[in-house]
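Each chain gets a letter, A, B, C, D, E and F, in the order it is written, and its residues are counted from 1.
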Amino acid sequence: MRLLLINPNISESVSALIADEARRSAAPGVEIEVLTAPFGVAYIETRFEALIGAYAAAQLAAEHHERFDAVVVAAFGDPGLAGLREALPVPVTGLTESALASAHLLGQRFSIIAISHRIQAWYREIVTAYGFDGRLASIRSLEQPLQRIGAVQEDHAPSLKALAERAVHDDGADVIILAGAPLAGLARSLQGQLAVPVVDGVSSAVRHAATLVALQAGKATRGSFAPPPAKPNRGLPPAISRLLDRGA
Amino acid sequence: MRLLLINPNISESVSALIADEARRSAAPGVEIEVLTAPFGVAYIETRFEALIGAYAAAQLAAEHHERFDAVVVAAFGDPGLAGLREALPVPVTGLTESALASAHLLGQRFSIIAISHRIQAWYREIVTAYGFDGRLASIRSLEQPLQRIGAVQEDHAPSLKALAERAVHDDGADVIILAGAPLAGLARSLQGQLAVPVVDGVSSAVRHAATLVALQAGKATRGSFAPPPAKPNRGLPPAISRLLDRGA
Amino acid sequence: MRLLLINPNISESVSALIADEARRSAAPGVEIEVLTAPFGVAYIETRFEALIGAYAAAQLAAEHHERFDAVVVAAFGDPGLAGLREALPVPVTGLTESALASAHLLGQRFSIIAISHRIQAWYREIVTAYGFDGRLASIRSLEQPLQRIGAVQEDHAPSLKALAERAVHDDGADVIILAGAPLAGLARSLQGQLAVPVVDGVSSAVRHAATLVALQAGKATRGSFAPPPAKPNRGLPPAISRLLDRGA
Amino acid sequence: MRLLLINPNISESVSALIADEARRSAAPGVEIEVLTAPFGVAYIETRFEALIGAYAAAQLAAEHHERFDAVVVAAFGDPGLAGLREALPVPVTGLTESALASAHLLGQRFSIIAISHRIQAWYREIVTAYGFDGRLASIRSLEQPLQRIGAVQEDHAPSLKALAERAVHDDGADVIILAGAPLAGLARSLQGQLAVPVVDGVSSAVRHAATLVALQAGKATRGSFAPPPAKPNRGLPPAISRLLDRGA
Amino acid sequence: MRLLLINPNISESVSALIADEARRSAAPGVEIEVLTAPFGVAYIETRFEALIGAYAAAQLAAEHHERFDAVVVAAFGDPGLAGLREALPVPVTGLTESALASAHLLGQRFSIIAISHRIQAWYREIVTAYGFDGRLASIRSLEQPLQRIGAVQEDHAPSLKALAERAVHDDGADVIILAGAPLAGLARSLQGQLAVPVVDGVSSAVRHAATLVALQAGKATRGSFAPPPAKPNRGLPPAISRLLDRGA
Amino acid sequence: MRLLLINPNISESVSALIADEARRSAAPGVEIEVLTAPFGVAYIETRFEALIGAYAAAQLAAEHHERFDAVVVAAFGDPGLAGLREALPVPVTGLTESALASAHLLGQRFSIIAISHRIQAWYREIVTAYGFDGRLASIRSLEQPLQRIGAVQEDHAPSLKALAERAVHDDGADVIILAGAPLAGLARSLQGQLAVPVVDGVSSAVRHAATLVALQAGKATRGSFAPPPAKPNRGLPPAISRLLDRGA
């Protein structure tokens, strides 16, 4: 089984974190490939940056999906995921969607620990769009500006752990989600140090993507996740245009 | 006052409908300019197409906003709106957001009349994202494939009117929203023919955009609609890159 | 265009604040008239006082609406608004409804800054009735008893500004609504001093009422905002009785 | 124990129905008095009529409550109830609130059977304001215009029963609420004829009001149901003015 | 009238508190019997303990209900209530359901004061299952481990009162619910000491159960509270098996 | 890896269906054992039957969990799941929870196809308790009484497929969940015959349980899924008593 993870940001250092955790998490026989967006920003905190990342993810997915059994949008917030689920013939998931699935299977209410204050509003909207707002105990975040996006864990691990502890104690979290690709692998290194289950987006996505491949539930040919209906298009990257032209 | 309306689709015929209704709706002294996406699809019905339209809208807005007092994303569904509200220094609205504001001021529950079955799921998600799902009486739509996107009104006016009547009678709609730029102007031509107020996205957006300019409520410099924080970016169209580089 | 603003309270000093801000906000050619309730209380903080104000507003509206193109219930909380929308042949809005429309067009989540602790519960119920509770970041209020209802701004401007700042920082507000007719004009004088857009009920209502007149969306003749069905009535002020007798 | 039931409408025939069912429902030793509004409409179907009924109820309650242990607003929709709960020193309930309490104690989801199509929107808003919308299976109603408001049961009993049956079968209702004072007593006469528990507003209100008296839970002196804060008032009926003047 | 109160826990000391408050609360002529679970835990704080208590309550109810007019599950959280409502031919209620009915009749928002931190999550889920989450102002609880479950009131009355005061002041509670059978009677002894109405589960349940008997609303023979459909069963206590065998 | 699936009902024929589908679904190296409840009913349709099944599941889980890496409650509706998640040291999931996780990863809105009309209310409450009600497009069910619970698929496959098709077309389902252990394996045999992804509870649970084992997210030692606090218990089956005695 071959999984494509798309980092919709330009940070190669984050792609390396994603690849490391993805390979540690994958079952034997699951091959992992991580691609980095050729355009965009260092990391997404806002709706405007997510709009850019979604388009970058769509381009990479359109170009490369044919060699893979499933695709993962490897940024918390899942930019472009719902659109790609329509357009691609293979299963697609994202870090947030997958982390929520894991949290759902581990407890009732969860908190998200995030890397920046600004990112909270966008995360909240994504959680709400998935219908999980009733189970969201809180979002807590680092408040300092990030110096090195590829080294957030090293620079801030104690703060992140403290935020998780407050979420359990003060907010009633049954599960902690460590959010954002830059935190890939932190759940693993905190194992046994927190009083509740800890969820990581990358390992969740790798495992759940493999499950989707195994379940063979089928690709929608009707309903809102069928491919977009065929219609005129213009000026698009060839791979996206090809996806659209094979539309339902 | 100068308003920029961005059609995030490639259909010039729809841009013409938008421009006509916008000019009919604008108060004296309000100048209207409509731009058509240089890339994309004929009209947006799906999340994947919306992702493309959002990026096209962002590019046009980044390039042209400086000459305008406010910007309107002129497709129902508002692709890119929330991101542009962060990034642009001027007020931004969209057809859905503006139609909902009008409906909110005219009654309690509303129905949306749409041009295709497939488009319903995407519309429903947008209405929910704005928090208006509790006031949504129903979405009803044409079921036949559209032959001429610029001539939907001519081809289907009686069907659209019948759908509106059923929404009032069967679904309890207090207000009807005729949704989608291809229906721009239909509310005007149905005036007096329906038993409840009828709302059009384009005229609503033109009026509400002008109100936002007049109210001078201020651009966010903090909170989730402040400009995206400055950070490295790469490979972006120059106008988008410029917007990002002036970030908070 | 002629707009009638009804202060459903007996405070002439507040009516003066309303009139001043309404006139500053109105587009050229829009005439403003403000009427003060002949009976009632100094300002509404409770459901019981709102019930009285609603009846006073209904009486004034019934008597005077014929000379106007639209009517505004000029108290935050909109006492009587939904009923008047049924009964009157012209558009009606209120300070809360209009402020919410503005906030909706300016951001996702908003906070309300109020003039008394007691008033919060009533405001919360109104916001919920409009379906905006999912977008309400917080309500914050002055805690001291008000000495002079017509001079709240002078007496408490710094406190009100501080409350707004905390709403942005601690509660995640994208927009601030300064609530209550006694604060009419404060948004204008705080312009540029807050980090997010600031909304005022009176200016919003004046602008949105004019938009409703311009859009000519039509008066409901069916559905829940049609005039009340004709039926026996007794003992009512003649103007209210006349409104009822012309019922659907 | 003495209970005051206030019919906020002018229909003496409906007051008689209310009084009959109230007396049949009351425990031994509970005395019932029913007062009819001196002004208003024949029966309330709309928000505007409710606004009038609320004021009429407030006036009657203010004048007469001192001789009673509890007060019931005896119209489905409970016009004025929340305000009176603030202002009166004794427990107050209403037909809707009481019927919902009974339904809550008898099942999970309920349907409301109403006497007119128009009344449905107002009922829905009231149910939502009480937070019971998640448990509302449906509202179904008679569609014909009512000839004799005091004889709805005689004229329409089979239709009302058929509506209840459809609510159980098609809408999943666990409990049926027969709504509106004109249906007072119908639940009693349908006893044993429906497949689920049937709730009547008047008998529920009489029993629950007596429970409130017995529980002696106390009158709020703080919070949102404390009496309105003392402040200037003018032009009000003396009894209302007296209530306000003794405010917190 | 004879009411059966089932303590689904093994604590005789708590059964005594329940019996005392039930008898003080009952109208003349209402006989009270309290049964204690023959198996289970000292008091329920968790979902797992509730699962055990539900089965114990079911067994006691199946064995003894025939001598009674109504049954009360006498633990806050109502373990087994919804199932028993299906299976028993008489009305059934529980402490939470009844306390919520009282709170609903006394104000809009309520807080729950609980005896342990751990119990909060379970209470929150029950309140949500009843659809009252929108009216829940807060849950506050003792934080110290309980030494003597039958003497919580003596040991902690001042702390419990202080929690109630904070719920009113900080959380906006209109009503206080003192939750848990170990607090039976505390509301009575705090009468007049709190600024808002105080509700007790046992007295509420006794009064509401009597109301259900009096209203004679009928037992469901269809819908989701009809008896479980007849089907094979095996290995059950004889009384439960008898209940199932008489199924619809 | 060893998984224990507990059929909380007494039907050996359904246990056989569960075991077959579980073994077909499991990854290589995952061993499956299915246990059947020693007491209870043939299949659960009601809350009362679920209460019994929960206790039976708890007993089996308490006795046997020590030999397994994870436990699955193998009835749609997940009787006892939340309690077992507290009490057991290994991951626990259920058919509904797992099917919802799969549906969440495959689309936005889903419909449940159920085996009996009566079962719908219980399913709806479970879906709501998990917070997925906003994504539930519909529940549709067979209406005929079931003759042979172990042969529902053979007897009703065409009807079940037709229900699924209506859910996609009329209700807007993006995903179909075939609900209930008696339908285990049907999704597999319908593969490619429906226009949207089809989800089966058993295969989902087997895959997700294995994921939970692989992720090693940790067992809660605090929060609402920690083991129940130690306290006196009496009269319980020894295995349950042992679980409780090792409490937190």
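The working rule: a residue touches a chain if its C-beta (ideal position, glycine included) is under 8 Å from a C-beta of that chain, and two chains touch if they have at least 3 such contacts.
Keep in mind it's a predicted model, so treat the numbers as computed, not measured.
Chains touching both chain C and chain F: A, B, D, E.
Across the two interfaces under comparison, B-C and B-D, the one joined by more C-beta contacts turns out to be B-C.
In terms of their C-alpha centroids, the spacing between chain A and chain C amounts to 43 Å. With each centre defined as the average position of its C-alpha atoms, the distance from chain D to chain E rounds to 27 Å.
Listed for chain D are residues 82, 85, 108-109, 120-121, 125, 128, 134, 172, 174, 223-224, 226, each touching two or more other chains. If you sketch which chains touch which, the pattern fits none of the simple shapes: not an open path, not a single ring, not a star, and not all-to-all.
By the definition given earlier, chain contacts exist for A-B, A-C, A-E, A-F, B-C, B-D, B-F, C-D, C-E, D-E, D-F, E-F. On chain F, the positions that touch chain B within their shared complex are 108-109, 134, 172, 174. By the touch criterion given at the top, residues 25, 27, 82, 85, 91, 93, 97-98, 100-102, 104-109, 130-132, 134-135, 168-169, 172-175, 187, 191-192, 194-200, 203-204, 207-208, 211-212, 214-226 of chain F touch chain A in their complex.
Across the interface of their complex, chain A is touched by residues 120-121, 125, 128 of chain E. Chain E contributes residues 10, 38-43, 45-52, 54-55, 58, 80, 82-87, 116, 118, 120-122, 125, 128-129, 145, 223-224, 226, 228-229, 231-236, 240, 243-244 to its touches with chain F in the complex.
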